[in-house]
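Paired with chain B in one complex and with chain C in the other, chain A is shared by the two complexes that follow.
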Partner chain A sequence: MHRRLALAAAAALCGTLVLSACSSDGGSGDAAKAASGPVKLTFWSWAPNMDKVAEVWNKAHPDVQVSVLKQAGGDDLVTKTITAAKAGNAPDLIQAEYQALPTLVSNDVLADIAKQAGDAKSQFADGVWKQVTLGSDAVYAIPEDTAPLAFYYRQDLFEQYGLKVPTTWDEFAATARALKQQAPDKSLTTFSANDPGLFAGLAQQAGAAWWTTSGESWKVAIDDPATKKVADFWSGLVKDGAVDNQPMYTPAWSKALNDGTQVGWVSAVWAPGVLTSSAPDTKGKWAMAPLPQWESGASVTGSWGGSATGVTTGAVKSGHAEAAAKFATWLNTDPEALAALVQQVNVYPAATSAQTGSLLSAAPEFFADQPDFYARAAEIAKGTAPAAWGPNVNVAYSAFKDAFGKAAQDKGDFGAALSAMQRSTVEDLKKNGFQVG
Partner chain B sequence: MSTTTAPAPRRTAPALPRKGSAAAPRRTAWTPTLLLLLGAVYCLVPVVWVVTAATKSRQELFTTFTYAPGSGFWDNLAELSSYRGGVYWQWMANSALYAGAGALLSAAVSGVTGYALAKYRFRGRSTVFNVLLAGVLMPPITLAVPQYLLMSKAGLADSYWSVLLPSVLSPYGIYLSRIYAEAAIPDEVVEAARVDGAREWRLFRSVALPMMVPGLVTVFLFQFVAIWNNFLLPYIMLGDDHKFPVTVGLYSLLQQGANEPALYTLVITGALLSVLPLIALFLGMQRYWRVDLLSGAVKS
Partner chain C sequence: MASPPPAARALRRRGSLAPYGFLGPAALLFTLFFALPIGFAVYLSLRAVKVKGLGLGSHARTEVWAGLSNYTSALSDSELLSGSGRVLLYGALLVPTMLGAALFFALLLDVPRVRFGAFSRLVIFLPYAVPGIVASTLWGFLYLPQVSPGYYLLTQAGMSGPDLLHGGGLYLAMANIAVWGGTGFNMIVIYTSLRALPAELYEAARLDGCSELQIALRVKIPLVAPSLVLTFFFSMIATLQVFAEPMTLKPLTNSMSSTWSPLMKVYRDAFVQGNVYSAAATSVVIAAATLLLSFGFLKLVNKRTNGGS
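Showing the complex of A and B:
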């Protein structure tokens, strides 16, 4: 009898737990209740101060209130978003990197907002816009920031060693070798097998289109001649020891940048931010130049990063798609929003009007010696080659890290690593039920 | 975590070594000593790194000698405290809530369950225990996503409960409590209490529970550390950054896109501070372990 009593007590305890749990939950229930009040939107973003930009919107739009839930960015966030969407808990708006868009679309996370936001097209460069439409008539996100590649170098050390800023990749290789001869302990840059995004950008510059569709089937061309050219180029430099083969974003790499062991860096327009934290002693000593070209006289570049704002299918289900699409468009095209984005969030805006306007007239503090930094950046951005992403970029990227990591360490053959990357990407696509042509 | 073992009574060499006695002079066992020293270095070097790195300013972090202390600790601390309106301390408070309440509830549930499994004979007892044992073998990481899907079915995703509830039931804690109850509570004592007229609840409350305290303290500490350090479960469960525990919060400081300088110094300082409560907890609760060496109700 006592035992039965204890059981009843336990059941009652569990009951109260569940009850109080339910009453404390304010997330999902609110959406339905709030139909009469202002529409409440949630926005997952990793950018610091995005909440301050949303505040600008909230003040002007009392009927649509956006709250920013700051997330940790990176590939894990894509997985987290997909999981949340599967469980019906996705936020209304998400920030997503361009290469993640096909993955999100094929997992039915992102909604087509062509009806609400199709007019925004004219505000962006064609290559950028293509990344959010995935080459279709749909619009899956509004471009937020872009990251065209450029070549950063130490002005003072280039002068000291009598080096000329390379304009072609041939000159780049010659410069790397000339530096090694004069100062064997220094390197022009490093080939980092940890950063598939950079390699993808370099391949875009050479004309690669890794994922394309024809009808219902995907075509993967990671080992196409353009990418092979890029791989062989770096393979040669690494094999000869003309450039370093250590990964980026390690303490050792930061130290090498800071003490001038590495005198250059192929990076994107956001490089000043990284240099500020990784190489604080080199302030004012860097300059940006256009990315070296494969054909002399050309002005093509690739991208490393950049992100867009998308509306989720969850927002469509709860009837918030209209409001969410309006916010996404406002965030990335409205002059007031762009100003807040540039000043508060520190992004390099995707909207072309903001790239050349008064918003970015002053150079980043770290590049005080190059007052026309952003004018040059806008010039470079014009030549951004379109990127072609597929639904399993994450698989290709991890295959890159494995295969190229080993090849770079052993100073081995990058061509074989590229074939391995192609193989695992195709196999994964097939395994997941995609048609591969 | 090496502090989990209770300090063994120290055996010093005889105070007055007698010269020329029959006992052979104590030889230092070099191999074990060396191995242990290596182990200690292996465990302590990262700690030293975190401590010294937390004292370095952004300028010094990658430029000065790795283990040389820097001059920026107080600036780091102030910067961390003011970051986004002091959200770091919110994360710490969240961690304390998740770990404190979760471990307390977990110890209570484990204590009751372990006692019942150890001292009552009922049908299905061994089945229940075997299922729990299987649960011990299951790494909690594999359960995170299913738990998330369950929680969202219940409408609890992205709430404090979504992190608290999954940590309440700890198979390992129940297993430990059962073993402990079996060993520490003699059946004679239970019988004697029954003869004296104690009801079952009072028997548990006043007789069994005090005897199980050292075991429950262990369960509490294990769970506290496990929840405090847990990353994946809160990472999946929570979308609202004001509900993040400190592990997920610090991770979001590292991953905020390339446009911003990475906040290494803040993350390192935050990591150092987040370990301090654990150390304090261990030092504070160590004395409860010793109790069980002294207690004993039955002479055998």
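Showing the complex of A and C:
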């Protein structure tokens, strides 16, 4: 009886197999049809309204359809992307901050698209382009936005306290102290240990190059004299209580910006967006000035953030690299795309033509008093110092937060914190088998 | 004797298979969702990535056997030890306070003819229903002097509030969130076992001239000791695994490092620094330590009760 049952089961199974063979045949026929249909690309981005920009492309390119999957930005997005790539689930296109590019390349997430997109070089400033090539002949991403640093200040309060807009860091320190004397409860700005990106930008301005290569080995110079100078400068201000030491992006910080407890902010070109949401009551009271300089008369600045669009190695495997590279290039160089990026996504585009063109002729609403906001921004952006990123920026950044957080709280020695950051970064490289020179 | 007829033999054989059939689903689920992930974590903890040259370009990274090196570096990392120290200090503040409050409320609610019993029970229990991240965000706002209504009232009254986001205050701030969220749950556990005690015991105690307070101290507390042990056990494990609260408070203060608690270090290693191998090793170490502590505690308690009886 058992045997008969088994036979029956086997027969049934065979039947299913035959059936499924039939249906799978039909299925592959469908798949073949789909393959001749539009190429479907996925794009991970954290920028709001990026899907609207993709729609512009989708309308003009029925054969390549891009769908945007919105991600939460942050430290762990890099890890998430790497994990997805390892599992074979990576999207075809990703938005990535410049400092994450070496990490992504090192984990074999980003594909070299020099063949498809190498011509885009002329559209970008040299320093920006260097960040997506990592100094090699390869092209790992197309620059999307840049974020040159500037100094933002409350015009009304500067006038009230008779302060002059600082043009050098010495003047900046003097201004901070003068303000403290007149209004002890106010601060010119805060040193935030939560934002390694800002510190990195300030170090770039001073001439730091944190990661460099020579031959087959990396050189880490986080504690180089330029960065030390920056660390000591802020250390002195925090120690004397001339500037605040609370972290940025907290409810307390927003309130301080909104009620004028903080009268200035060293930030990037995207600051108007943050001020609009964090300090809505101060609309029209802010102005932007070039970042204070280390040498009087110079016009150098660093960057805080900025991102690029990259094509993944997953897209190469699925044969979508060509289409994806085309989209990445279109997104960041085509006038129509740049217009959508500026108007819908509110980015400061990396393409030089868009920075000075008619797209950015009107100042941000929050800075209505400064009609030439973007003309000034473009002028500031010209002096952007190159950034030098390495394969473990994430490790250095997390070490910065811990070491500088403690130092800022204790009003202690930032030099020691900087050494700790250097040490952690080098140790991590060595542990992973990198050659460190 | 003649052997049993074939039908009976088959029946017996089928009968002896039945327990395995019943065990099957549980064993399968246990293997799939418990044993395999743990096994994978242990496997990962013995691996590491090695980079060739600059590490750029494809195939620059290869996974290799690392032996016990992840364990030696996890155990020799002073941050894991100091993180455990911080968590123990936090637990020393939290657990007695929370269980004390839970026992106190449970005893109060168990007093005969208590008014608004059901309502009070619900109110005390309610914070437990608030997710830890929401609770920490709420409390975080209350701890920031610049935006907290509590600090506002204090300054209006000419006083300055305590600094709850730095130094020792941070432990109070953290323990407060957990006490607020956890007291209700523990109260329900203790209260339920109080309700299960036979009323005759109280009647006998009353006849012997016990006051309500004496009944609580001499009759109720000793009889609910097993549930106190249970709640202590749960609280201890929850303390060792504290994660959501410090993670949520971290952006608000300079004083919370990314490795404040042992689990935060695991998170940082895996998801900020991208090193799942070292994170796996640290996880295994934490799991082993938790297991050791839990069983040590249970053994201690059992010895006590056995020795006492």
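Of note:
Following the convention adopted for this analysis, the second predicted complex is superposed on the first by the 403 of 437 C-alpha atoms of A that agree within 3 Å, B and C clash if a C-alpha of one lies under 4 Å from a C-alpha of the other, contacts with A are read in each partner's own complex, and residues count from 1 in each chain.
FYI, a residue touches a chain if its C-beta (ideal position, glycine included) is under 8 Å from a C-beta of that chain, and two chains touch if they have at least 3 such contacts.
Bear in mind the structure is a predicted one, so any value in this text is a computation, not a measurement.
By the touch criterion defined above, A:280 lies against chain B but remains apart from chain C after alignment on the C-alpha atoms of chain A. Contact with chain B, but none with chain C, is seen for A:70 once the two complexes are overlaid on the shared chain. Contacts of A:395 after superposition on the shared chain: chain C is touched, whereas chain B is not. In the superposed model, A:251 lies in contact with both chain B and chain C. Once the two complexes are laid over each other on the shared chain, residue contacts for A:84 go to chain B alone; chain C is not touched. When both complexes are aligned on chain A by C-alpha atoms, chain A residues 76, 80, 251, 255 touch chain B in the first and chain C in the second.
Touching chain A in their complex are the following residues of chain B: 58-59, 61-63, 84, 120, 122, 145, 148-149, 152-161, 165, 199-201, 235-236, 239-241, 248, 251-252, 254-264.
Considering their complex, residues 75-76, 78-80, 82, 102-103, 105-108, 134, 136, 138, 193-194, 213, 216-218, 245-247, 249-252, 255-256, 261, 313, 391-392, 394-395, 398, 401-402, 405-406, 408-409, 428, 431-435 of chain A touch chain C.
Across the complex, chain A is touched by residues 48-61, 73, 141, 144-147, 166, 251-259, 268, 270-274 of chain C.
In the complex of the two chains, the chain A residues touching chain B come out as 2-3, 6, 17-18, 21-22, 24-29, 42, 44, 46-48, 69-74, 76-77, 80, 83-84, 86-89, 91, 145, 147, 251, 254-255, 258-259, 268, 270, 273-274, 276-281, 305, 307, 345-348.
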